[in-house]
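Okay, so subunit A shows up in both of these, paired with subunit B first and subunit C after.
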Partner chain A sequence: MTLSPLAACAGPGSAPGVGAGSGAAAGSGITLALNRSLVSLDNKLNQFDAAVTVQRGVRQALTFIDPKLTVQHVLAERFELTAPTEWTVKLRDGVRYSDGSPVTVEDVATALRMYQKVPGSFLAGLFPEWPTVTPVDAATFKLVTKHPVPTLDYLMANILITPAAANKPEELQGGVGSGPYVVTAANRGTGEYTLQVNDKYWGPAPAIKTVQVRFLPEEANRVVALRSGEVDVIDAISPDAISQLSGLGDVEVQQVPSTRITQLFYNFRKPAGHPLADPRVREALSYAINGPALIKDVFADSVSPARGVVADTLTGAVQTGEYVYDPQKAKQMLDAAGVKDLKIKIIWETGEFANDTSVMEAVVEMLKAVGVQAELQQFQPGGDISKWRQGRGGDWDVLGNGYPGPTGLALTPLQGMFAGTKEKEATRDTYQGYVFPKIAALLEKASQETDKAVRESVLATAQKEIWNTWPCMWAFVPKTVIARRKRVENVLLSPTNSYELASVRLNG
Partner chain B sequence: MTATTVGPADGSGSRDTAASPGRPSAVTAKDLARSAAVRRRKSARLKIWVGSVGVALVVLPVALANLLPIPGPDEQSLSLRRLPPLTGGHLFGTDQLGRDLLSRVLHGGQVSLTVGVLAIIVSGVIGLIAGAAAGFFGGWVDTVVSRLLEAQLSLPLLLMLLLVVALFGPSIPVITFVIAFAQWPEVARLTRSLVLVEREKPYVAAARVLGLHRVTTLLRHVLPNVVKQASLVILLLLAQAVLLESALSYLGAGPQRPFATWGRIIADGQDYITTSWWLVTLPGLVIVLLVVGVNLLGDGLRDRARRRKGPQTEGKVSRA
Partner chain C sequence: MVRYVAQRVGQSILAIFLTVSTVFVLVRLAPGDPAAAYASPLATTAELDRIRAQFGLDKPLIQQYGIFVQDLFHGNLGTSFSFQASALDVVLSRMPYTIMLAVSAILFAAVVAIPAGVWMARHADTARELGANVAMIAGQSMPEFWSGIMLLTVFAVLVPVLPASGFTSWAGLVLPTVTVGILQIALISRLVRREMGAGFAAPYLTIARSRGIPERGLTWRYAMGNSAVPVVTALGTRFAAMLNGVVVVEVVFAWPGVGSLVVRALETRDYPLIQATVLVTAVLTVLVQLLIDLTYPLLDPRVRLGKAVAS
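Right, the complex of A and B next:
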């Protein structure tokens, strides 16, 4: 394999000990069991955290967010802010796809167009504006924006590059990528994929030759499969499963602080006059939730209480307040707001977070204690919750949902959740109808501010303003947890709940 | 040989022969006690008793759950989660949210049994009507009903139920209806075959000669003669209906939370199977007790009905 010196120390594959000669168990494979179905190996619509690991095994971006939440260059050799509204990018020498064709500037331009065109794009909410590609030479181009986007290098870590001719404004089910693995078998229906090492990979060869991906939605099944050695790595583990697995000699549980925040988020599409359109009512309901008990007894202290509107592990996050349990105050505030016999509907998708059903059933009883009747509606994975979230499926009041921090920056989830505008709401592209022009303006200002200190100051103000609107009934920050068999080594788990497949090794 | 004069094989007349002091017989009371007919009768009686006890052990507490001195099914105490059975006043222990498991099982049984009973009533009525019409009228009615039966029996049952629940949403009426829909073929098939036999009997011809309308003949004279046997099958379907409801709940297609149903209690408990065995085992045992009880009771009643079928049928013919 011909590698430039720089390629050998590029982001993915740059993990210590990983290299062409480090294949301790060459010819061996591992099996990953995911709690959600990996419906594609592309992230245009489907970027739940654990999927990122597999998706990036096949397709790569210009940059990569490492476990320390800093930007590493992958397909880009150089990614620099050369003017307030202009980034200059140079593609790494020798980067190529699994079919041997080189990664080109046109591929990047096409990828950006496709991510913009896809309806309901997850990433659309993260980008304050989409950059345009201006080629400079065969390997160099400029990413130009109308307004400054000083965090574009972080954001571009989410844009996976595919050959221009094969890219479409939809989720790609297979095809060619530049990652260390190629897809040799895929079954979208069952969520099962087989990845084989990419013989033409431009970086250091992965140690693991074959990666099987399976979808095991039931935690008990994942735990039993791991214990029996049927699978090697499982994700989304509840505290009870952690306690079951912790004492086993051949299994190791790995935890890191997460960039994700899990919320009971209000529906902001309620008409004026509806109780939930009143921030006093939203605040009152938050006092009904016994967060400390949920964290201690249901989560066994494996999550931490949210003290802000995004995970405090993110760069730029500030503490804005705490969720306090005070049912008496909740009743008083509801009475003061003239709300009696309130009925609400809580919706969520199974597996959205660990112990989801226990939390929801506990919340129903907590709300009942303050005179609020809550109805639960649980959606199975693959169901039409997305239609409901857009207000097109049915009416609901509170959504149980997790929001990731895929760039490691607080700005990204803040932008994605709270920068909604009337224009975005017209196409239902806001986060549960959250539209506050003042907050959107602050976030826009922060997203365009090139001075880091000023940016973080504006961001802090925005977060306090958001907190004062009481967007959540309750929120917590989970830990990123995986369990693996001890023969699987060097899993560099990131707070974004992903790891580089190319770094993983087998012992024995 | 005198032994050949002993009554019918079902044993219904054997007592007279052996017990009559004036008629000599080589068959002793001991022989009779060991006969297959008597064994079957005893077996039927035993099945009825054991089945009744099993069903009563489950159904009575379930029916009286609201009156028993136990906590509410949703009353939670997070600090008392997963207490083992017989701890802290909880006979079955507590679940993952500190709720009394016995209360959850009993109130869950109310949902499961209500769905099961409603489902078999609906499926019984549909099956009786469709099967009786097919058997009695024959012709195109029989063809349509029989083809529908065959079509439905060829479908994978659970997958079809999951599909319907996915389409119409997991509410109690929908689940009741889909289970009823799933079960009507068995009742209809049996009713059709019973009616086919009945319609050839002289009392039906007599009714026709007397000028009774065919529908009247069917409703007033034929159906009463088959409804008892058909209702035993319907009783047996109760166990299947409860199992189907539990299976749907287990697979996440049951009524929405926080309704406790047996399938959901087991599904929720399976995450803790290695640390809290009672969360799965005890609700599972309750289901087993009910299903085995219903099956034994149904079997026993069917066996008894078979023995009495002859004389009863004659009686109804004479009334006709």
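Right, the complex of A and C next:
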């Protein structure tokens, strides 16, 4: 259900006021409104973008990916590759949980074991291999793997450390953390949390004393609540809402390019002889898509054109080319490939990206202009799209889909999408049937290369090879957007769609 | 009386059991895969199989049903897939908000609708009644999402005097209450007007009037006394319906009740949560209906529970 008429009413013309009866946004505290319910302050199963902000306010990892997508040490004072399959880590002196107990090597070892035991975990898919902990002394340990994992310092930023005795192989609903805040009230049923400053925090004390977290699933509710002063920061904002909020005097819209890429990805399970099995046809169709018009008119410049096969914000991403709008060339290439009266089916899940239906309807018209008839099939969230993606639900040709880059590394989405093998395809675990052994081998090599320069060179080669297979009809990089009241300052928004709560300040 | 209550309780238990059993089957016939909804989009086939096994979804439907029934009799409604917590606890954490909104809305509706209906009956067939009728029909015709959005626009955006969403203070209850109440007022006031109209025309009222009983007594003691049963039935039925979640209003106002919870449970194919919600709301609905039945002899002495109305 959409409440867009209400959001439209909240136009720039009317003056915002202070929400009666709220008061939550006043004083030394702030209120955040999330678009997804924060079921827990753990991330073993779910790692929703904005939730990470709150989770990391309470629990911390050994490392942290900063807004420049570089690794910063948090609980680790030292995190160093000391052998191809061995990292040496030293815990920072004096790091303690909110109950005063110290962070120990055993806590790290237990956390790694617990994360591994959660089936279907988002994070498990990021680790090519789980490291084991070998203690050296009370504060030092080695993370050992069978094969080189040269990006382990990035990956470990996702493993939140909790006292070993309280850790479980499931999302923790309570318990202490080492972060700048502690939870003083929680109602996971309604997704509402109250965080207060952790008096025993080992780092600099945060400026904001209290953080209220609310769950407002409808964008219109978030927009109205921000305007009325009921909440201070909102996330997941559509292009329409951005244009409404941008004109307000006491609201600031903050945008940075994200690490996510959204693609119209081809189905690579087509039999030989099918037009879409021919890269020339895939390339030809890409010329039919008027990307600049979609970005300007449908997305209101809230996305950037993709210039490669992953978001170019990611470390290790290279620009491999651009999607060019040239319908004449599209027609010529289709004619040259002997393709006439092509019919394709485009599928996607509702809400996969902003203004999804408008984009797809525009794409249908653009394809029609080059003689291609496109049919749309939209799936409701929770429906059968995963079955269709695996080719078990029915035939399709193009999938509208987003792929995240939560580690800040290009390698992660490249492996997830393009490292398909025949073995994985046997269980339909490749990304839409994409199997190119040469590319998979390059990505495998890059994933184990400890020399950064060599690794990035191999990755660059792989990305160029991937681009030449024309995996997508079109792609774009959405921007990470939040809107905040201007009294809230120093929100260091990261491309991974989170920010450090401890850095946030209030003016006045 | 005791026999009647026991009989009604027995019927209610059967009705609840049939309801939850039907829901058990229907949600599993709907498209979608709870394992895929629960897991990361990047989960492998093997991981999805493990999740199905963990949730018991790999077993034949009849076996799943057997386990469900067995657990039900032990008061265990399972673990919510999406909350990773007792499904019953999750529903019970939301239920107070729904009950609060339902009580508030039905009280608001009763306080406005009953006097309005009486006033309309007393001014039957006049221009004033016609005007009131038009207003009530307008209230009945307005979809709740529209009236909710209009109220939000006026009182939370243009003149921001009330909170726009959620329940952060008692003021947050005002707009959802009024939104739900508008339709109820329209329905109940017209019912009251009809019942009271018939009451005012009844011979017993003419006799009472001839005995010199004041108009206020005639209205509230005699006419209303005879209209009470259908009015209370209507209020109770509407209240029971609200306990199932006022879905649209909860979405418009981000109200943290069971209506918005069940929408989420359906989206994530969270079977235990759907079943727990249905069970809890069904029990409450049945209880409310039973309470309404038990009030009948108090409202109308001619009523004998379990028997035909005495003539």
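The rule is simple: the second predicted complex is superposed on the first by the 323 of 508 C-alpha atoms of A that agree within 3 Å, B and C clash if a C-alpha of one lies under 4 Å from a C-alpha of the other, contacts with A are read in each partner's own complex, and residues count from 1 in each chain.
One rule holds for everything that comes next: a residue touches a chain if its C-beta (ideal position, glycine included) is under 8 Å from a C-beta of that chain, and two chains touch if they have at least 3 such contacts.
Please read these numbers as outputs of a predicted model, since none were measured by experiment.
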In the superposed arrangement, which partner chain does A:188 touch: subunit B (first), subunit C (second), both, or neither?
second
Of the two partner chains, subunit B (first) and subunit C (second), which one does A:290 touch, if any: first, second, both, or neither?
first
First (subunit B), second (subunit C), both or neither: which does A:386 touch?
second
Does subunit B (first) or subunit C (second) touch A:218, or do both, or does neither?
both
Between subunit B and subunit C, whom does A:240 touch in the aligned arrangement: first, second, both, or neither?
first
Is A:361 touching anything from subunit B or subunit C once the two structures are fitted on A? First, second, both or neither.
first
Please determine whether it is subunit B or subunit C that touches the greater number of subunit A residues.
C
Going by the contact rule set out at the top, does A:101 touch subunit B (first), subunit C (second), both, or neither?
neither
Output check: A:121 vs subunit B and subunit C. Expected answer is one of first, second, both, neither. What do you get?
second
Counting only touches as set out at the top, which of subunit B and subunit C does A:171 meet: first, second, both, neither?
second
Identify the residues of subunit A that lie in both the subunit B contact region and the subunit C contact region.
218, 380
Show me the residue ranges of subunit A that touch subunit B in the complex, using the header's touch definition.
218-220, 223, 238, 240-241, 243-244, 290, 293-294, 296-298, 350, 357-358, 360-362, 364-365, 368, 375-378, 380
Along subunit A, where are the residues that touch subunit C in the complex?
1, 3, 5-6, 9-10, 14, 16-24, 37, 39-40, 45, 119-122, 124-125, 170-171, 173, 187-192, 214-218, 221, 224-225, 227-230, 380-384, 386-387, 390, 416, 427-429
Report the residues of subunit C in contact with subunit A in the complex, numbered from low to high.
31-33, 35-48, 50-51, 54, 82-85, 89-91, 93-94, 97, 145, 149, 152-153, 156-166, 168-172, 248, 251-254, 256, 260-261, 264, 266-269
Of subunit B, residues touching subunit A in the complex:
74-76, 78-79, 81, 96-98, 252, 256-258, 268, 270-275
